[in-house]
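Once you scroll down, you'll see the structures, which are given as structure tokens.
Look for chain A in each of the two complexes below; its partner is chain B in the first and chain C in the second.
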Partner chain A sequence: MPACTRWAPIPHPGMGHAMTEPILKLTDVRREFRRPRTSLRTPPPVVRAVNGVNLEVAPGERLGIVGESGSGKSTLLRLLSGLDQPTSGQIEVQGRRVDGQSSRQLKWLRETMQLVFQDPMSSLDPRMRVRDIIAEPLVAAGMSAAGKREERVVTLLQSVGLPKDAIDRYPHQFSGGQRQRISVARALAPQPKILVADEPVSALDVSVRAQVLNLIDNVVEGFDLTLIFVSHDLSVVRHVCDRVAVMRRGEFVEVAPTEELFADPQHAYTKQLIAAIPTLSAALGGRTAAALADEVNQQAGGENRD
Partner chain B sequence: MGAAVLSVQGLGVATTRTPLLADVSFTIDSGERVGLIGESGSGKSLTALAVMGLLSDGVRANGTVELAGHEGNLLERPEREMAKIRGSDMAMIFQEPMTALNPTMRVGAQVAEVMRIHGTEPSKAAAKSRAVELLDSVGLPDPANVARSYPHQLSGGQRQRIVAAIALANSPDLLICDEPTTALDVTVQALVLDLIVRQAQERDAALLFITHDLAVVATVCERVMVMYGGRIVEAGPVTEVFTDPRHHYTQGLLAASDLSMPDGSRRERRSLPTIAGSVPGAGHFPDGCVFRNRCEAATEACTEVPTWHDRGDGAGYACVHPLGADSSSGHGARDD
Partner chain C sequence: MTQPIEQEITRSRRRPINATLIVGAVLVGVIVATAAVSLVWTPQAPMRVLSTEAYQRPNAEFWLGTDRLRRDVFTQILLGARTTLLVGIVAVGVAALIGVPLGILAAMSAGWFGQLIMRSNDILLAFPALLLAIMFAAIYGGSTQVAMVAIGIATIPSFARVTRASALSVLRTEYVTAARAAGRGPVAIAVRHVLPNVASLVIVQASVAFAIAILAEAALAYLGLGTPTGQPSWGRMLYEAQSTLRSAPHLVLIPGIAIAWSVLGFNLLGDGLRDYLDPKLEDR
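Then we have the complex of A and B:
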């Protein structure tokens, strides 16, 4: 095992079940896409979007996945939420297989695992009222009594800090931050165990970002969730997560507890990512754009790419 | 640092019913880099569009916008003359490089086009070879080859470099960047920021840099203006505004954007400071101080538009209850 990787979850302080089964387990997961043929004589080129990922996540853990665009983050999310099938490898959630199952067989997964997406404007149906948006997973889960559903929707709205009268409004009547609250409420509706957040704050302003990060913290704590948090922003991941996996070209290049990763990054790519974050304190201390670019170039060791 | 390149005085923008910008005044000298920050919906991009004369129909600007080397008020110029100024004496880099480029045209031709239109290069061939030089100067490897490709064949960072090459082709006196790196990865962002600063410095151009990322503004700019509700609420040197803010909005932005403690360690979870409420829609800002419905220090006195308090050195703020006012020397400390 290379020194810089820690596939196994960190034993959780105060969790009391250090040796529990992982809630999520990925074993050598691969996903390949075939590009269109470029020649009749050669086989079509293959893109390895996810290339041999191993991972174990303990219940209650908060795992961050960082990487730049094209690193395979989104493909990995699609795989572990059963929206796409891996080319090879095994994915287990709570000990049950996710790969190779039909969507009908994955009904249990839709209740165990829920997603919050980046852009609430495109992930919420503009023609549905908030009531129906949040109740939709409940209907799918077979909660047929309308009165019961309504009760649940109101509780959910309260738990994400939205007023009761939001229930009759449409997504466009809310601000970006409020829309993200609706997404979170919908995700919480089927009482999931795992919350997967795909760049949930990238589309938001800083002040609103802080509100949504606080909300995610609150619901993960309050509903006892396991969090998979995907972002390209290392400083956000640092704030939210216990452990971080750095992804590049379909592989995890480094997996480490958050503070360890920031204090002592092992892989060159992690160092480059950390060096590239512009921070207020460094900038006020005199770090110019040229200095920032220099550091990135240095860490990249000349292999610069846009 | 040289003479003023851009001078904006009392700029207001409004539709027939809704005021969008009010009383925006600032100047930028040649070689100076000025940031414009604020949440979305605060009027940053609108300011840039008004200066460029790119406001859509039905949105009108008043006040004065003056550009060095051009007599009189740019806002009063007909579109025909503005078209001559845009792309030569002032240029803009947009946020989304995919929408800013023409998908059906080779990128080399797009760079050459701006020089042919403004007559800076005498012939098509000269413009073409100059375009390749420009692509080289913005750090694209194998520029001759890149010049022959279409936008979709290039990555986000490469596309943004092309957009920069187009904006810089005629060595503008004023370069406006509207969130140029928001759509890019962090490592690419660092390189593109460096490129913009370096190219602006080489040409001694005035730079107006719009972003919502405070860390980026602190990295790139010397001076910063904080905008909210279509007004500039605080301005000054970056270090002064970011370390010793006077306006409650500036302080709120600073607190919310900093995820780490001053010593670099991680902040307690669930305790990120936020600004209460959200940015109201256009035309729904309160009268008087635009921030008073979200400000905890707001009182009766805030129902009137706060006057601009000069802190000297081009710094100032518009607030009746400024933060840390007692430490300032005389003219800032005014209360009731």
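Then we have the complex of A and C:
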């Protein structure tokens, strides 16, 4: 097990949540995937996608989860949104268990936690009108009056900055940024407490990233949400989050308030990620991602590898 | 991919209509029109034995001549179009109504149940449509109804297969994950997301299956196992004319051309629709 893990005091001071119950709590969560057998004599290899994650998120907090692709970020999201079951460990949202529940038992979770997905091209059904896409969580929640639904959809469209006449259009008639707005509107529909965003801007043009980030910023502020924001890009996370968890090989290697993390990164991998942000000063200072890679590997040398 | 100006909503792009689709649609349209005309008008009373000479070549009075039993060939062709379309519609209907739900079910049930569906599908697939229809005809007697249902049952596996394959890819998309995260149950996902998104492939499959059904019906009628004597069918006409192939070749040629025409028409329509409805051409 890694010796280099530094845990930020949870909930950490200065956030004003010190006395509140965590809205989301993960206790030693693990998820293993069995690979196909390579030999008859050896057991099938196991991939530990999430390997003992502990986490507490206070209500109203904005937590970023950063890590390279394959570090287990997406698996972790699937686990805490009840779309996948952990191999072991506990996941609690508002004190209620998420793991080990059937999808029918998780109906309350759908109204508490909503997701925004990475690819706005594939996260909206191409054969559905915007009205039906945004109303889907409402229908699932049992809101049967069509008039009431439409009213709500129009309000949601306004709150994500889309024109009212977007309601009768199909997803392919929108740009990537606009689709992500539709996605956010859908997530807001059941009035959730927690918004989970899985790389919401990585598939977008750089020119519209800031707009979507600001939108997420605004709705989290305006609707008083707790945000779980996953990205491989630290600079994006810095923009919206007040605490960051750095994930590597299924484990959190460092969890710290955003500014602290940037000012004084403890783990070599965090340093590498920060160095990977293309900035002028980093380039002038000669600190490149490549130069830091060796340092990370040295520090990670003691870790178990599959 | 994305528009630089955020507020601009792009207009729906029209997809190109290809030549194959047009030719196929025209050929099929002629068959449909022929069948429709036969409902209100035929040159002679249906299947009536006329007081005229047998084996007449096409002439002014009898446009496509007369057959062995002194019946008007043109009238039979018109009526035969009706049988052909009916057989196609019923056979494809039976196949799609059973095959499509089976395919979606197989795609959505990951474990042994999905395997069971697909393996029994494979067993059914091992029987050629014609063989199955002959078996049915042997048990229930030869009639248009038995032929239609038998051809339909034999076509189920191809629908189940096509549906399952594309349903699997639909189920892997983020919008299905989004629907699950929104709290939709498996039935709602199947009906609201999977079905509309596999529909285009099913339509293509249907038009190809239609052509196969027409051919199978003609073959059955030719073997004397499908449509019985006294009812109009192109395959039946071929069967009755084969003994006079040399003396009256038009009696074989005319229904032969009609069959080839409709099979070609539905195949072209299927090909054209495949290109027209290709999801890869969509959105981008």
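Convention: the second predicted complex is superposed on the first by the 262 of 306 C-alpha atoms of A that agree within 3 Å, B and C clash if a C-alpha of one lies under 4 Å from a C-alpha of the other, contacts with A are read in each partner's own complex, and residues count from 1 in each chain.
Here is the rule we use: a contact is a pair of C-beta atoms (placed from the backbone, for glycine too) under 8 Å apart; a residue touches a chain by one contact, two chains touch by 3 or more.
Every value quoted in this text rests on a predicted model; they were computed, and no experiment measured them.
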First (chain B), second (chain C), both or neither: which does A:32 touch? neither
In the superposed arrangement, does A:221 touch chain B (first), chain C (second), both or neither? first
Once chain A of both complexes is superposed, is A:68 in touch with chain B (first), chain C (second), both, or neither? first
Could you tell me if A:175 is touching chain B, chain C, both of them or neither one (first, second, both, neither)? both
Have a look at where A:141 lands relative to chain B and chain C in the superposition and call it first, second, both or neither. second
After lining up the shared chain so the two structures overlap, which partner does A:125 touch, if you call chain B first and chain C second: first, second, both or neither? second
Between chain B (first) and chain C (second), which does A:205 come into contact with in this model arrangement: first, second, both, or neither? both
Going by the contact rule set out at the top, does A:117 touch chain B (first), chain C (second), both, or neither? second
On chain A, what residues does chain B touch that chain C touches as well? 175-178, 205, 207-208, 211
In the complex formed with chain C, which residues of chain A make contact? 81, 83, 103-104, 106-107, 110-111, 114-115, 117-119, 121-128, 132, 136-137, 139-141, 163, 166, 169-178, 183, 186, 190, 204-205, 207-208, 211
In the complex, chain B residues that touch chain A: 39-40, 154-158, 161, 185-191, 193-194, 196-198, 212-216, 218-220, 238-239, 242-243, 252-254, 256-260, 262, 264, 266-267, 269-275, 278-279
Which bits of chain C are touching chain A when the two form their complex? 1-4, 6-12, 173-175, 177-185, 188, 192-193, 196-197, 279, 282-283
Interface residues, chain A side, partner chain B - complex: 68-69, 175-178, 205-211, 213-214, 217-218, 221, 232-236, 238-240, 258-259, 272-273, 275-284, 287-290, 292-293, 295-297, 300, 304-306
